[in-house]
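The structure under discussion is supplied below as structure tokens; questions concerning it will follow.
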């Protein structure tokens, strides 16, 4: 009985571990996607130092990309709502 | 026995459902691939309306892309045939 | 007993087959990645023949890409080493 | 339900593609907030992207029907 | 057989890459049918793509051998 | 351990992205060996790529915190 409980305990731990790792992997993939897009927008020829203007551009780029994603998701939700209320 | 048949029935239904969903997913992926390529070919700066010329370009683009795919597959089949008959 | 050994034998064969196929698939994916990058670097409008300059460009491109990959991996290993020895 | 999960995944995939493509087209130098003109461009771009998906789908299904006849 | 399925999948992957890359290079403004010049370009492009794959494979395997020596 | 395997896979993914992006930026016409200027460019490019990843990560986590507040 206690062995079984133990197993269940380990299973829960393993599941939690896997869930956290999955979330970390998603955040990681997200960061790489942002970096791909913002590197393209902000970096020309690489120089000896990340100058202030480039750093600002990168930081703004991530924030504006997230703004864009939110804007587009919101508008899509509105379109769905209008469609379903128009269909009544 | 009837329970078993039932299970088999459900399994078939589930398999059919999954197969149809897989096909739909493939068509969907295909549409997104076409759109990626034709958006690049036909759309400059987005405007207030999809004008007629752009619509024609998109539609032609999909058809010519499929023509291209068929042409290349046919030519590859011919090359394989020539190779295997040449090897005799 | 002999049946069991047989099964194990088959399992080993299957595992070996799968491992070799996996390696081949990795080499294949690698070749397609190199080709994607070097096609972009070396090929303009396709002509009637692969001329000598283009062939040299493609071959150099693969070798320099591998050099780049080695250079970057080495530098990363050095950075890790410096970090861990600096942290002592 | 499973059907809803699939529909949701499809919508998310599409919205992801719209976000990347329209960000590339509409945001030249990212500033401290989305400018009015950028927002307008994004909204138009989203509408055109969905128009484009519609045209592509129709052309593709027409072709599929012709080819399998 | 499994081996054949793998070979088929590889060929399909290659043909897909040829289609995308050569369509991009050869079709500027898609018309109501493939023009003669476009077809010629596609055929040449396919041949060059396969030449290129061959050069890349040879160079890569030569390098692999040198590195593992 | 599993944790180490994940860290290794992450590092390999990052190094792969650096290789592709910096090769594109730094090697114009590939020659018979890496030129001095090309090596310098690659090293700088790698450093800037990692700087960039850092800025992007910080901005993203700041934003995640703001949005979930």
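Note that the chains are named A, B, C, D, E and F in the order they appear, and that numbering of residues resets to 1 at the start of each chain.
Here is the rule we use: contacts are C-beta pairs under 8 Å (C-beta built on N, C-alpha and C of every residue); 3 or more make two chains touch, one makes a residue touch a chain.
Chain by chain, the UniProt names read as follows: A, B, C = Mitochondrial import inner membrane translocase subunit.
Predicted model, so just to flag it, every value in this text is computed and none were measured.
J.: Measuring between mean CA coordinates, which chain is farthest from subunit C?
T.: Max centre-to-centre separation from subunit C belongs to D.
J.: Average the CA atoms of each chain to get its centre, and name the chain whose centre is farthest from that of subunit B.
T.: F
J.: Cα centroid separation between subunit C and subunit D, in whole Å?
T.: 34
J.: Determine the centre-to-centre distance between subunit C and subunit F, using the mean Cα coordinates as centres, and give it in whole Å.
T.: Their C-alpha centroids are separated by 19 Å.
J.: So which stretches of subunit D touch two or more other chains?
T.: In subunit D, 22, 26 touch at least two other chains.
J.: Identify all positions of subunit A at which a residue touches two or more other chains, and write them in rising order.
T.: In subunit A, 38, 42, 63 touch at least two other chains.
J.: Which chains make up the ring, listed in order from subunit B with subunit D immediately after it?
T.: Here the ring, read from subunit B toward subunit D, comes out as B, D, A, F, C, E.
J.: Spell out the residues on subunit C that touch subunit E in their complex, using ranges where they run on.
T.: Answer in residue numbers: 21, 25, 27-28, 30-32, 34-36, 38-39, 42-43, 45-48, 50, 55, 58-59, 62-63, 66.
J.: Which part of subunit D faces subunit B closely enough to touch in the complex?
T.: Residue positions touching the partner: 6, 10, 13-14, 17, 21-22, 25-26, 41, 44-45, 47-49, 51-53, 55-60, 63.
J.: With touch defined as at the start, can you tell me which subunit C residues reach subunit F in the complex?
T.: Per the stated touch rule, the residues are 37-38, 41-42, 57, 60-61, 63-65, 67-69, 71-73, 75-76.
J.: Taking the touch rule as given, give the residues of subunit D at its contact with subunit A in the complex, in rising order.
T.: Contact set of subunit D toward subunit A: 11, 15-16, 18-20, 22-24, 26-27, 29-34, 38-39, 42-43, 46.
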